[in-house]
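Got some structures for you, see below.
Look for subunit A in each of the two complexes below; its partner is subunit B in the first and subunit C in the second.
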Partner chain A sequence: MPHGTEIGHFALALAFGLTITQALALFAGARSSSAGMIRLGWQAAIMAFILVVISFAMLTLAFLRSDFSVALVASHSHSLKPWLYKVSGVWGNHEGSLLLWVLILTLFGALMAGQLRRISDGRSTMAYALSIQGMISLAFIGLILFTSNPFLRLTSLPDDGNGLNPILQDPGLAFHPPMLYLGYVGLSVGFAFAVAALIEGRADARWAVLARRWVLLAWAALTAGIALGSWWAYYELGWGGWWFWDPVENASLMPWLVATALIHSLRVVEKRNLFHSWTVLLAILGFGLSLIGTFIVRSGLLTSVHAFTNDPTRGIVILVIIMIAVGIPLMLYAMRAGTLGRDTMAEAHALFSRETALQANNLLLVVTTVTVLTGTLYPLVIEAVNGARISVGPPFFEASVGPLLGLMLFFLPVAPLLAWKQASFSKIWRQIWPMLMITAVLLAIVLMLISGMNAFAIATIGLGIWVMTGVAADLFAVMGLWRQHPTGAWRRLRGIPLPRLGMNLAHLGVAVFTIGVAGVSFFDDEVIKRLQIGDHMTSGDAQFTLTSVAPVIGPNYNATAATVIKTAANGESSEFISEIRTFPVARSQTTEAAIQTGFLGDTYVVFGGGTPEEGFVIHIYEKPFITWIWGGAGLMVIGGIITMLGHPTRRQEA
Partner chain B sequence: MADLSPKMRRGIGLLLILTALGLAAMLVLSALRDHVVFFYGPTDIQAKAKQGQIVRLGGLVVDDSIQKDQDGIRFQVTDQTTSIEVRYSGILPDLFREGQGVITEGRLDGDIFQADTVLAKHDETYMPAEVADLLKDQGVWKGQE
Partner chain C sequence: MTFRPVFIIPVLVFFLFVGVSLWGLLAITNGNRDTQSIGFSMQGQTIPSVTLPLLKVTDQDEFSLNNWQGQAYAINVWASWCPPCRAEAPAIERLSDHLPVLGINQRDEQENALDFLNTFGDPYTAIGVDRDGRASIEIGVQALPETLIIGPDGTIILHHRGPIFANEMNGVIRDALITLGITP
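So, the complex of A and B:
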């Protein structure tokens, strides 16, 4: 299709018009309860999605066909690139990543339209929410069309493209941005529901049921997106780290923390008709923080490994969108928050109850968010105040966020055991003392196996085990082992409601993650040495021998590969090949670490270059339990999805 | 505990919230005091940074200044007015080049800057914002505004 690019541009412009229809028709339809207007609105939402799909497909096609008459393709792709990276090149740049953002935004719009079509209960809430969703789509499609058009043509045709920054040429990075965007944009649905609640002046249990599945989906995607990014940084950057407290990482962590608080508080709205206004506020802030996250990546305001060279005017347009998107709902909130729970007769809850526990969860998560925000923005504030340039790095976050997370982990396993309204202390104690005993015994075994641990390491491992015992206790409760006869326990476990299974999987994920963090933070080890071919070095109780350094030719790079043989204490040997790749088109190089992954930890070998005269630099890291970090995140994702699938679409009257 | 009056319960709730916020504020402030890292250029660093204090040093890597030996790597960082020698024993990031901007974190040891980390950037044409500002301050910035 020679005019594919023009078709893509045209489709996007049509989608722009349709999102106007979507926003206006649904708003009017919801206000006047007009079925016809609502139908027009959801149809527009579906059509807008189809048109954006066409637009995105046309841009992808231009990348696949290496159509260098398109400016974006010429500056971000190259004919020699493998096809996967031609596709990921679509979102490896500002314009394309915004189009991906809009694609996901309209995808959520279409999914919401599908639900609006089916439901009879809560139609006006849903219609308002989809109208808000339309307004957000409108803003972002406008941003693309007027400031960042990916479909611009070049007047003179270049011989070949500039290539994608080679460090981005990696499967981890091909999937990380779409997943992260799914999470960021998914939070827009929670936001749309929050604004709908403010317009209607009502955030009740039915509203929470409608909103919670969407927030769970967004939360699961955000978790996966952050974990993929961390995994990518670990194996691609060659520093052996998995989290750097970089402003851009913090920008994704903050909406995640708020979304985590939100899925817990929505549960309280749903079950107990409490926390209405707080929950609405969280939903607004969650999406606000996602927008700020995007803005931080795009603007270059903060020094970060992710900084792209960029055009500041776009940053200002995004800033204006953020101010409107967060400012107006907050104004509405100030006017309406008090009335959100007006139709419900909220029953009081005792201090010792699950409500209080979830309140504590929310409080700690939000305080953690504020702490991360403070550390992230502090350098900007200081520079504005006295001109000093400072950076706030990992030590700050470890010292401030660490204790807060520790406190959360301490309360986490107890909360699910507490009854709503009024928990009985004696009943809880029967479950808690075995948990405490098991934690103490397991921790004692760990202390015997590993000597010389500091107090932080012991506390972190202890908290990880503690959370695991909480999961076991809740599953025991499901099996009825506290009260009933063991026969039938297995049947009861198999009949576990999906949301409860999902919750336990996610909490187990938190425990696994915690142990991974403890392993990497307190027991990692690194050695670096300059070796000649045939020389040895030791790390732990294994010996590493550099056997060769040889050139390798890749599809669009040339590399030097160092081969290192590891001989473990038990005589087993394994081979590590780490490469330094030079990309002639982009005139830059990347390092490929060689990683041997194991259940109990990774061995990570990086070739640091060198010459036969000077010797070759070899860097070896031992990273105990690092895989548990991503394994834990994976469990959280699965838990979130299972909870979402098992979640009622409408409120079941108990 | 169920018999507490709503007023009492609200009071206790408020107390808990204030305690949590107070605790968090304390943590944040003490962490900020101890863990903020200042950024200096080669001209400022001798005057403003204390020996042994963790700071960041930024500037341009002087052409032909990289030397490697058994102890690691040495290179000069300049703001075009003053230069300072940096020693580093780790692996240089992929985008480290002579003549380009760099940020290192470490401590001053006499006249030498002992770096613990050399920060990498995604983008080979990217100039760290601090370094760009520094060069503007020194009046030697050649890039675009």
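So, the complex of A and C:
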């Protein structure tokens, strides 16, 4: 298709028009309860999605065919690139990633349209929400068409493309941004519901039931996206760590923290019809922070290792979108928040109740978000005050966020045990003291096995065990082991409601994650040595021998590969090959670490260059339990999805 | 429950954020967001003697500013977790063509610091490890990255806060080098 690019451009322009229809028809339809208008609106949402799919497919085709007459392909692709990276090159740049963003935005629009078509209860809320969603799509399609058009052609044809940043040439990039965007954009649905609630002046249990599945889906995707990004940085980029408190990472962490608070507070709205205004605010902030994060990263406002465009003019356009998208809802919020719970007869809850526990969860998560935001924006504020460009870095974040998360972990296992409205302290204590005992015993065993831990390490591992014990206790409660006869326990466990199973899996994920963090933070070890070929070095009880250093020719790079043989104490040996790759087209270098992954941790060998005369630099890192970090995140994702699948689609009277 | 003043707080905070961001962006577009406008309390004074452990094993056994008495040198304070430090790496490389650059690696992990040097280059004659940031305070460093240029008599000729880019190389750094009689 020689004119594929023009077809893609045209399809996007049509989608722009359809999102206008979507926004206006649904708004009018919801206001006047006109079934015809609402139908027109959701049909437009589905059509807009189909057109954006066509547009995205055409751009992908241009990358696959290496059509260098398209300016974007010429500057971000190369004919020698493997096909997978040609595809991932589509979103490895500003314009293409915006198109991916719009693709996901309209996908959610189409999914919401599907739900709107079916439901009878809460139709006007849903219609308002889809109208707001249409407005967001409209803004972003407009941003692409008017400032960041990926379909522009070049008048003179270059011989070949300008390559792609070699760091971005990795399978991680094929999956990490789409997943992250699924999370960011998914939060737009919760946001749309929040604005719908403000328009209607009502955020009741029925509203929460409609919104919560969407937020759970977005939360699971965001968790997966962040975890994949961290995995990518660690395994593929050889950065040696899993989290750097870089502005880009913080930009994804902030919406995640707010979304985590939101799934918990929506539960309170749903079950107890409380926290209306707070929940609506969280939903606005969740997506608002996704936008702000994207803005910070894209505008060049803060220096980041990940940044791929630094264009202040584009930044101002995005800032204007944020001002409208977040500013107006917040103004509406200032006027309407007090009326959101007006129709409900909220009952008071005691201080000692699950409501309080969830309030504490929300408060801690939001304080953590504010802390991260402060640390991220602080350099900017300082610059506004006295002109110095600075970076606050991990020492600030670790010291401030660590204790907040610790406090949260401490309360986490208690919350699910508490009853709504009014919990009985004596009843809870009967469940908590065995949990405390079990935690103490397990921690004592760990302390006997590993010596020389400091207080922070002990506290972190203790909290991990404590949360695990809490999960076990909740499952025991489901099985009725506290009160009922043990026969039938298995049947009761199998009959566990999916949301409760999901919650426990996610909480177990938190525990596993905590232990992973403790392992890496407190027990990692490293050795660096200059070796001649044939020399060896030791790390732990294993011996590492450098056997060869040789040139390697890759598909689009040249490399020097060092081969290191590890001989474990029991005589087993394994081979590590670490490479330094030079990409001639992009004129840059990357390091490929050799990693051996195991259940109890990783061994990481990095070749640091050198010459036969001086010797070759070899780094060996031991990263105990690092895999648990991603294992934990994986459990959280599965837990979130199971909760979503088991979540009721309409309100059930308890 | 109807209108309550607390509900205005989110929108106020939001517009504060928008204001600061807009300022930042406009300053970049107008090209006047520069990084050298704060006064430097230490400039013109004598550099205090600082001794630190070395980041890498070399023939010296410690990192001491005293060893450099009698010759001009530069000090660059950096860390692997500091994105602007990555951005200024090429400029530091260029600076090291003119005079020895001593690195002070502040509040960092050794492995990350070495990875940083592998990735972004190592222009440093020697690197001292300032694990808790105390030595940085001694020499008047408040934030990362900062660069100092020291004369042969130990006087701080220039104390520059923030990263060094082409602008600084052709401006303040050039001036300082000329003061020292070095042709940039």
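Keep this in mind: the second predicted complex is superposed on the first by the 653 of 654 C-alpha atoms of A that agree within 3 Å, B and C clash if a C-alpha of one lies under 4 Å from a C-alpha of the other, contacts with A are read in each partner's own complex, and residues count from 1 in each chain.
The rule is short, and it goes like this: contacts are C-beta pairs under 8 Å (C-beta built on N, C-alpha and C of every residue); 3 or more make two chains touch, one makes a residue touch a chain.
Since we're looking at a predicted model, the values are computed, not measured.
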Simultaneous placement of subunit C and subunit B on subunit A, clash or fit: clash
Contacts of A:404 with subunit B and subunit C, given as first, second, both or neither: first
Which of subunit B and subunit C A:359 touches, first, second, both or neither: first
Contacts of A:614 with subunit B and subunit C, given as first, second, both or neither: first
Contacts of A:223 with subunit B and subunit C, given as first, second, both or neither: neither
Partner chain(s) touched by A:381 [first = subunit B, second = subunit C, both, neither]: second
Contacts of A:241 with subunit B and subunit C, given as first, second, both or neither: second
Touched partner set for A:333, first subunit B, second subunit C, both or neither: second
Partner chain(s) touched by A:371 [first = subunit B, second = subunit C, both, neither]: first
Which of subunit B and subunit C A:323 touches, first, second, both or neither: second
Shared subunit A surface residues [contacts with subunit B and with subunit C]: 238-239, 300, 303, 305, 382, 388-391, 393, 395, 528, 589, 591, 606, 608-609, 619
Subunit C residues within the subunit A interface of the complex: 1-4, 7-8, 10-11, 14-15, 17-18, 20-26, 28-29, 33-38, 79, 81-87, 107, 109-112, 114-115, 118-119, 142-144, 161-163
Residue ranges of subunit A touching subunit C (in the complex, touch as defined): 238-241, 244-247, 277, 281, 284-285, 288, 292, 295, 299-305, 312-313, 315-316, 319, 322-323, 326-327, 330-331, 333-335, 337-339, 341-342, 377, 380-384, 386-391, 393-395, 526, 528, 589, 591, 606, 608-609, 619, 621
Touching residues (chain side subunit B, partner subunit A) in the complex: 1-2, 4, 6, 9, 12-13, 16-17, 20-21, 24, 27-28, 30-32, 34-40, 56, 68-70, 89-95, 103, 105, 119-126, 128-130, 133
Interfacial residue positions of subunit A with respect to subunit B in the complex: 165, 167-168, 237-239, 300, 303, 305-309, 348, 350-352, 359-360, 363-364, 367-368, 370-371, 374-375, 378, 382, 388-393, 395-397, 399-400, 403-404, 422, 528, 530, 580, 586-591, 606, 608-610, 614, 617, 619
